[in-house]
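Worksheet: one structure, shown below.
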Amino acid sequence: MTPASLDLTILAVLAPFAAAAIAPFLTSIFRQNAAWVLAAVPAAIFYHFTGYIAPVSEGQTFTPALEWAPSYGINLSFYIDGLSTLFALLISGIGTLIILYAGGYLNGHPQQGRFFSFLFLFMGAMLGLVTGNNLITLFIFWELTSITSFLLIGFDHLRAASRRAAIQALVVTGGGGLSLLAAFILIIGATGEIEMSSLLSNPDVIKDSGLYLPIFILVMGGAFTKSAQFPFHFWLPNAMEAPTPVSAFLHSATMVKAGVYLLMRMHPLLGETELWTTVLPLFGGATLLVGTILAIRQTDLKLMLAYTTVASLGLLVMLVGTSWEKALEGAVLYLLAHSLFKGALFMVAGVIDHETGTRDITKLGGLRGSMPITFAAAGLAALSMCGLPPFIGFIAKEVMYEGTWTMGPGALWVTATAVLGNAMMLVIAAAIAIKPFFGPKVDTPKHAHDGPVLLIAGPVVLALVGLAAALFTHFTGEFFIGPMLSSLTGSTMNVSLHLYPTYISAPLILSVTTVALGIVLYWQLDRLRAIIASVLRAIGWGPDKGFDQFVSGIVAFSTVFTRLVQAGKMQTYMMLIFGFTAAAVLVPLFTAGGMPDMPAMPVYAFYEWGILLIAFLGLVAVLIAKTRLTAIVSLGIQGFAVALIFMLFGAPDLSFTQFMVETLSVVILALVMTRLNLAPRDHRSPASAIVTGAIAAGVGVGIALTLMAITQQPFDSRLSDFFTAYSRTIAHGRNIVNVIIVDFRGFDTLGEIAVVVLTGLCVLALIRIKTKPDNDTPDESAAVEALSKPVEAR
Amino acid sequence: MIAAVVDIIVGLMLVAGALFALVASVGLLRLKDVYMRMHAASKAGTLGSGVMLLALAVYAGEIDVVTRAIAGVVFFLLTAPLSAHLLAKAAYSVGYRPCADTKIDALKDVLQPDR
Amino acid sequence: MTGLFLINILMALAWGAVTGSFTVVNLVFGFVLSTAALYLIREQVGTGKYFRRVGLAIGLAVLFIYELVLSAWRVTMIVIQPKIDLQPGIIAYPLTVDKDFEITMLANLITLTPGTLSVDVSEDRKILYVHCIDVPDPQSTIDDIKNGFERKILEVFR
Amino acid sequence: MAGSSVSVDISQAMITAPVSAGDWLLVAPSLLTILGGSLCLMTRKNTKAQPKVGLIFLVLLVAANFGLLVRVLDKGVITMVMGNWLPPFGIAFTADALGVTLALVGSIVALCAGIYGSVTIQATERRYGFYPFLLFLMTGVSGAFLTGDIFNLYVWFEVLLISSYGLLVLGNDRLQLDGSVKYGILNLIGTNLFLIATGLLYGMFGTLNMADLAMKVAALESGASGPLATIAALYFLAFAMKAAAFPVNFWLPASYHTPNIVVSAVFAGLLTKVGVYAMIRVFVLLLPGSRDYMADLIAVVAIATMMTGAMGALAQSEVRRVLGYLVIVGIGAMLAGVAVGSILAISGAIFYAVHSIIVMTALYMAAGVMNMLGGSYKLRELGGLYGISPVFAAVFLVLGFAVSGLPPFSGFWPKIMLVDAAFDDGRYLLAGAILVSGFLTTLAIGRVWIFAFWRGGPEGTADGTVIERVVPAPQLTSAGIWIPLGVLTALVIYLGLQPEWMLQLVTRGASGVVEPFGYVRSVFGGL
Amino acid sequence: MRTIIFRTIAPYLAALMILFSIFVLLRGHNEPGGGFIGGLIAASALAIYGIACGVAAVRRSIVVHPMNLAAFGLFIAALAGVPSLFLRQSFMTSQWLSFHFFDVDVDLSTPMVFDIGVYFVVVGAISSIALALEERESD
Amino acid sequence: MTPIEAFADTFLDVCVHISLAVLTVSLVLIVYRTVKGPTLPDRIVALDMLVAVGIGFIAAIGVLTDYYLYIDIAITLGLVGFLATVAFARFVLNRGTAGDETIMQEVKESIERREAGQ
Amino acid sequence: METGLSVLIGLFFAVSVYLMLSKQLVRMLLGIAILGNAVNLMIFTAGRLTREVPPLIPLELYTPNVATANPLPQALVLTAIVISFSFFAFLLVLTFRAYQELGTDDANEMRIAEPIDEPAPPQGY
């Protein structure tokens, strides 16, 4: 590839965002034909990535990059290899079909344009995710997929169910995202590497870093939530609230596979450890079984598909978890197969829903006559899903069994789980392909017929591709499976696939078993459904219900907690503040050795003692004042004493100002108090009196001791000496204090007079603006009651 | 010599003034009701501080200090009776009664708040 | 208007006194300032016989001080006697003077006189209510004031 | 009495070298706002002219701050000592990347508020000084961000505080009076604590100039010993209150939802950030020893603050109060940066401050629009906004994701920086708290979104139905609402997509305080 | 409170206090005093005038609204720091203009302008508060 | 320095200290009255008195320290002391006429005292 | 010399805090007024004390010939006095207005901004 087309790749990844921006306009211009125009974008992207197929299959990798935030080592860099190429092709390819399909499905819908842009945003996010090289970039796209799927799932926002499903998806996948972010930042910190490519070039770097365990757990937190592994699987079926094109897109190729992609991508870095080969198969297997069981219980086409998707994801995780080459090959094959048939089936379900008005298979039947093409597509896809030849699903299953059977420890369990799971998925596939189309014709809300070409193009194409991929086995193996497997194992792989088994082998027997088991189960389908339903009813609780409890739990707890810390009582606030103040001044005294030396008895002239005494008396008077009038007068006394203290210690300006200010405070107090008609007796309960007293004493003692400690140290009078020296000689003033105020530190005074002016304005605003009559908000009335209650209590 | 005389005069003025102030305070303490206490405050108090202010002026012996001291004293002489009058009137018209010894009360029927 | 001017001059002189420099500039400056100050109270300042009033005001100031000393001495005597035995009372003093300034003057004089304290002036400005610290015989007190301060004031201002 | 007749060597006392006019950019913010404020005040009766005068000076303020930024980037840290007196004797104003960045962003926010206010503020409120208060608020903010003198910082804090009082009481609703009483008393105590600490600091070192103090403190052997520890503790408490950190944050939820929405917007953007700024300035530049000594405590406070904020946001049923708690979450995140103290951490904290200033202001403005559209601030009474105005819905969603720290918006970068720094420092709990609080914030915003925007109408609206309850307020037609909201939202997106220059700026600012040589040199001119 | 006695004396007291306040303001640079204290004294003068003769009288006497007075003071105080800009000095660098007038030296200086600004601010703000409260009282 | 001057000097010093002592005592007495009341006017009179004595105190300190500048403080104190008293008088008048409960209480007590013949 | 004042200052702080911990706004205000004095005295003392000699330069000298009191704390305290006075005035009027409109001086009863029976946040979706 030439650098030019490398830049093109960056464009290709970012193109969907541009498309998202213009989609609404195009839609309003071209109306129902908009889809054709818009589909050109993903098609072009698909075409671009096909260009990578050949070089990648020769083991080449590419890292196109764009400088973004270099000072934090973050660049918009991408990593193109087998894995990302196949994913990119699936996303853009299926994306093209989805756009077309959406054009038909939402034809005439008022918000179709908005829907297109959401789809494109999502597509871009996915492309960025699967091609992302810089961990942070990768994460950004990862989060974008969560955000956009939130918007897509909530598209039908007037229905509470959609809103719930959307927030659920956001919470689950977003929460996983945080875990992933933590993992990535840990990796960056531990390895010093921020690019996936450079990490992969040295695969053991994380395992050796000593942070393997936390990183592993955090990565799984991201992957399992995104790929709906048990017990995080519940958000995915709920996401069925979204319009069908979204479901198809989300659940076939893309979003839900992001987790699987991450596991595959990081397999060389985190895989092949005991932890990996234990944890992944465990969760994967559980998810597979849970998924299939829940799927069988459903009768809604979309839900059945959704739960089988959960199951398939479990299967994939389980296979990746084996770290066994052949099993991995099976995983890769199955991923491809699943994307194709599941996409097709979702669109089929959508068509049926769209054309008949229902998705409930118990209300459907005999459609094969009225919807032949849909039936064909459904049949082909279903066969692939059943894992029957000559479809890619079959090959996938063969290779998968070959892998699990030969993997060694745990082989039996994994294989057994796989067989059981596949068998049950076969049942669903059969149900989907047979129930709606065969049997007697059932009346449906709408008159059933094949939809417009826009609708049926998608499923047909995907189904056929599923067939083709199997027929051109060699091509598929060399150009897709091989390169992708190489990315997983970290070493170049040559894959040769066979459409038909050449000899009787374990896989073949296992396949037969699977099919047989499947048929038996299908025969007993209704009973099976009944049993599962009753069992689930017996259990009664599921993670889905758990989510609601989780959310309302958080909210409820937060409410209680907040009411506790934000009590709304002024006194509590004040006690907290001064409690901490006391701690702030006392604790260091004892911990950090701030204690002063034992002070000598101070020597004061008797009149100085007298003034101190007056100050003391004034304070006590304020404290014990029975009425506000006494308090004000007593306040005057202590202020008066302070002024005299200033005078005794050589501060005439201070004393001057203090006298004035003290008097004016008293005057203003008197002015205001004439209206402030209160009888403030300070009644505190003995307990609160003790507590508040203790706090007050603590503050006082602490500050006094600190002040002593400081004044016992020698003093650096540099500044004052300077002011004294230059007050007259340069600043032409004999009153040094005034010179400081207007010259040396005049800027302080400027701010200070600003405060004075603003005070005047504040008071003016307070007094002059007439309070509006209560606007009758509940808050207010509540408060009025709040006010009236204690009044009665008095 | 002059200085010495000045010093002595100043000293005497200070003590005199202080004593007047003390008397006023004692009056404040001993007299029976607020109206009588006002007599002490408005007379002895003012005089005491006035004399001591003049003492400082004499001691300084600078024209501007003296003039300022006099200005100050005049100001006190203007304000002292005024504040006494305002306070007395306020107190009486609000209803504070003089002590029992106050036999004659011409204001009783005039200024009593109708209550 | 001349009176205003004179007041103005006087205040300028007061300024000189307060600042302690009687230089031309300072007095001019003081004059400007007192003009400003008077401007503030222009409403209250009518015209009148300021000249005499001011001249005699100084005389009265001296009188004030004399009376003040005297009364202070009386109070002293009262408060230091072991047993305070007084007959306080509020007497109605019929005013002869009727001008605001004169009434004010008299009231303040009375307050500064031994044992008397002006409490209020009646609405019709005919009666001055005086609190006396010791009035065995109200009429004599009234006469004292009549023949004392009030006459003086009448002499001064009529 | 011209004292100069005695022979003194001026150069011993004053700066003799000519001061370039460009350095006056340092005082320009304070000077412009004071002059503009007093002009507005003199013309306050002319309520028509108020916005004009106010906005002119706010524009000038932004220009001045921008010029200052350019100059700092060009010349490095610059200092002006008022009155030409030699430092540390005169009051020094010192602009470094940290201060000037915040000053610029702050002024932009203020300008936006001024525009927004020109629509939402009634004639009465103008008459009683909305624009003067706003301008003087900026005097305080600019002064606080640029001063290099600890006592002078106190003065600007007070200017800031009294202006905020004024803005808070404008209108005199009973709600406002209640909020103001609590806000007023609690904040006054906060500034008094600051003053106490400063007085003690002066008693200990005999100087007030920050650079001078930094040197003297560094000269002290043990970082936090004796009275210095007390002083540090007092400063921490004071700034924690200013910044509304747990557990002294109660004044904020008690008052931020009470005034006119544009006032809440300015407060949310600026006030607490000044507290955080002071915390960084004092603890990283002045008392690094004490910071190390208290790092664990600060970390605990940071975690508690983030969690209380996030949970508080979830516990509210009123949009403005949700936002009030989100302000607190941000404070916790910034404190986390202070707790870690590395250059990366402080950079993260500064970036977060920038982000928070912009996004919180924008969110409150958005809340105002929600009220104008939906006729209420209460989640129960709101609904259907998505249908009424999809564009506004998009704006809100962008701001919401930004405040939750989701990419690709402004909140994402500081978050990863802080988490990164916390991991480097081995503070996994702190990192976890940052992530979890972000998660809870997403949930809180998500709730507001589904109730107010997605739901068809107020609580109880049937599925699939849309209820048109109120006619949108007439002000909404005015560009004065949409321009500021648009500008701020654009900034949020821009900082998300193009963080590079801001990253460089904050890194520069951080290294400037973590390694204060440049700062000290600029003040003492290579002394 | 509006007794004859009080109303007669108060205006003169107020005028004297205003004079005294200006005196205190102008000598502040060399003796205790200055703009702030002077301002407070002036404000007290207006307060007494107001209590004796009513708020309206005070408002009329100072013509402009006290808030504007304060704002003006702040304005000139801030401007007093600007001249140094043109002399390539820092903000608030004091400038002295000392000339001989008749028989005295008169010093005009930016610090003095600044202090006068402070005076106006204090008079304006404080009396604005006092008057507002006073009015509320009498309404 | 002549003996007479020396004597005068000491005499003055002694006088200053005596007066300071006397003033301190009076200050304390006044504070006592202020706190004790019993009525609000009593307290106000006492506060007015406190200011007056304070002026004397300042004058004495001026003589003691040879700083005449204190005279201005004294004058100012006189001014604002007057203002305070006026404001308080006004307070009594307004609150009293408004029937403030504490004042009414005090008034009632004063009447009771009068009837009790005190 | 500082010791004695330090004790007094401690007392000032204690009293003001005790008053501010009252639930009555008027007492809080008294506390705030005293707090201002306490802080000012503290700064004044922190700058060390000198008896009686004010920082003034005699007319005939260019620098004082004796050790004067430390002028800087005085300037700082002047600023602080003015500011605390302003804030006191504001809070006083604010309290007064709050009392008028809310009908209580008990801070604990001011529950309009944070109502007691605040509705729980809405649940559901």
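Per-chain numbering from 1; labels A, B, C, D, E, F and G assigned in written order.
Just so we're on the same page, contacts are C-beta pairs under 8 Å (C-beta built on N, C-alpha and C of every residue); 3 or more make two chains touch, one makes a residue touch a chain.
Chain identities (UniProt): A = Monovalent cation/H+ antiporter subunit A; B = Monovalent cation/H(+) antiporter subunit G; C = Na+/H+ antiporter subunit E; D = Na+/H+ antiporter subunit D; E = Na+/H+ antiporter subunit B; F = Cation:proton antiporter; G = Na+/H+ antiporter subunit C.
Computed from a predicted model, the values in this text were never measured in an experiment.
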Chain D (Na+/H+ antiporter subunit D) to chain E (Na+/H+ antiporter subunit B), fewest steps along touching chains: 1
Selected interface, A-G versus C-E, where C-beta contact pairs are more numerous: A-G
Between chain C (Na+/H+ antiporter subunit E) and chain A, distance of the C-alpha-averaged centres to the nearest whole Å: 85
Separation of chain D (Na+/H+ antiporter subunit D) from chain F (Cation:proton antiporter), taking each centre as the mean of its C-alpha atoms, in whole Å: 49
Whole-Å separation of chain centres (CA-atom averages), chain A against chain F (Cation:proton antiporter): 72
Rounded Å distance, chain B centre to chain G (Na+/H+ antiporter subunit C) centre (Cα mean): 33
For chain A, residues contacting two or more additional chains: 160, 163, 167, 555, 559, 563, 566, 568, 570, 574, 581, 628, 648, 652-653, 656-657, 660-661, 663-664, 667-668, 671-672, 674-675, 703, 707, 710-711, 715, 717, 719, 723, 725, 728-729, 731-732, 734-735, 741, 743-750, 752-759, 761-764, 766-768, 771, 779-780, 783
Junction residues of chain E (Na+/H+ antiporter subunit B) - those touching two or more other chains: 1, 3, 5-6, 9, 13, 16, 20, 30-33, 36-37, 41, 44, 47, 67, 70-71, 74, 78, 81, 91-92, 94, 96, 107, 125, 129, 133, 137
Sequence positions of chain G (Na+/H+ antiporter subunit C) contacting 2 or more other chains: 20, 28, 42, 45-48, 52-54, 56, 59, 62, 72, 76, 78-79, 82-83, 86-87, 89-90, 93-95, 97, 101-102, 107, 110-114, 118-121, 125
All pairs of touching chains, each written as two labels joined by a dash: A-D, A-E, A-F, A-G, B-C, B-E, B-F, C-E, D-E, D-G, E-F, E-G, F-G
Sites on chain C (Na+/H+ antiporter subunit E) touched by chain E (Na+/H+ antiporter subunit B) in the complex: 11, 14-15, 18-19, 21, 23-26, 30, 33-34, 36-45, 100-101, 103-104, 107-108, 118, 120-121, 125
Touch list for chain F (Cation:proton antiporter) against partner chain B, complex: 2, 4-5, 7-9, 11-12, 14-16, 18-20, 22-23, 25-27, 29-30, 32-33, 39, 41-42, 44-46, 48-49, 52-53, 55-56, 59-60, 62-63, 68, 70-72, 74-75, 78-79, 82, 85-86, 88-90, 92-93, 95-97, 103-104, 106-107, 110-111, 113-118
In the complex with chain G (Na+/H+ antiporter subunit C), residue positions of chain A that touch it: 160, 163-164, 167, 552, 555-556, 559, 563, 566, 568-571, 574-575, 578, 581, 599-600, 602-604, 612, 615-616, 619, 622-623, 628, 631, 635, 638-639, 642, 645-646, 648-654, 657-658, 661, 664-665, 668-669, 672, 675-676, 678, 680, 682, 684, 692-693, 695-697, 699-701, 703-705, 707-708, 710-712, 715, 717, 719-720, 723-725, 727-729, 734-737, 740-741, 744-745, 748-749, 752-753, 755-756, 758-759, 762-763, 766-767, 771, 778-780, 782-783, 785-787, 790-791
Chain A residues touching chain D (Na+/H+ antiporter subunit D) - in the complex, by the definition given at the top: 68-72, 114, 136, 139-140, 143-144, 147, 150, 154, 157-161, 163, 166-167, 170-171, 174-175, 178, 181-182, 185-186, 188-189, 551, 554-555, 557-559, 561-563, 565-568, 570, 573-574, 576-577, 580-581, 583-585, 587-589, 591-594, 702-703, 706-707, 709-711, 713, 715-719, 722-723, 725-726, 728-732, 743-748, 750-752, 754-755, 757-759, 761-762, 764-766, 768-772, 774, 779-780, 783
Chain D (Na+/H+ antiporter subunit D) to chain E (Na+/H+ antiporter subunit B) touching residues, read off their complex: 1-2, 15, 18-21, 23-24, 26-27, 31, 34-35, 37-39, 41-42, 44-45, 80-84, 90, 132
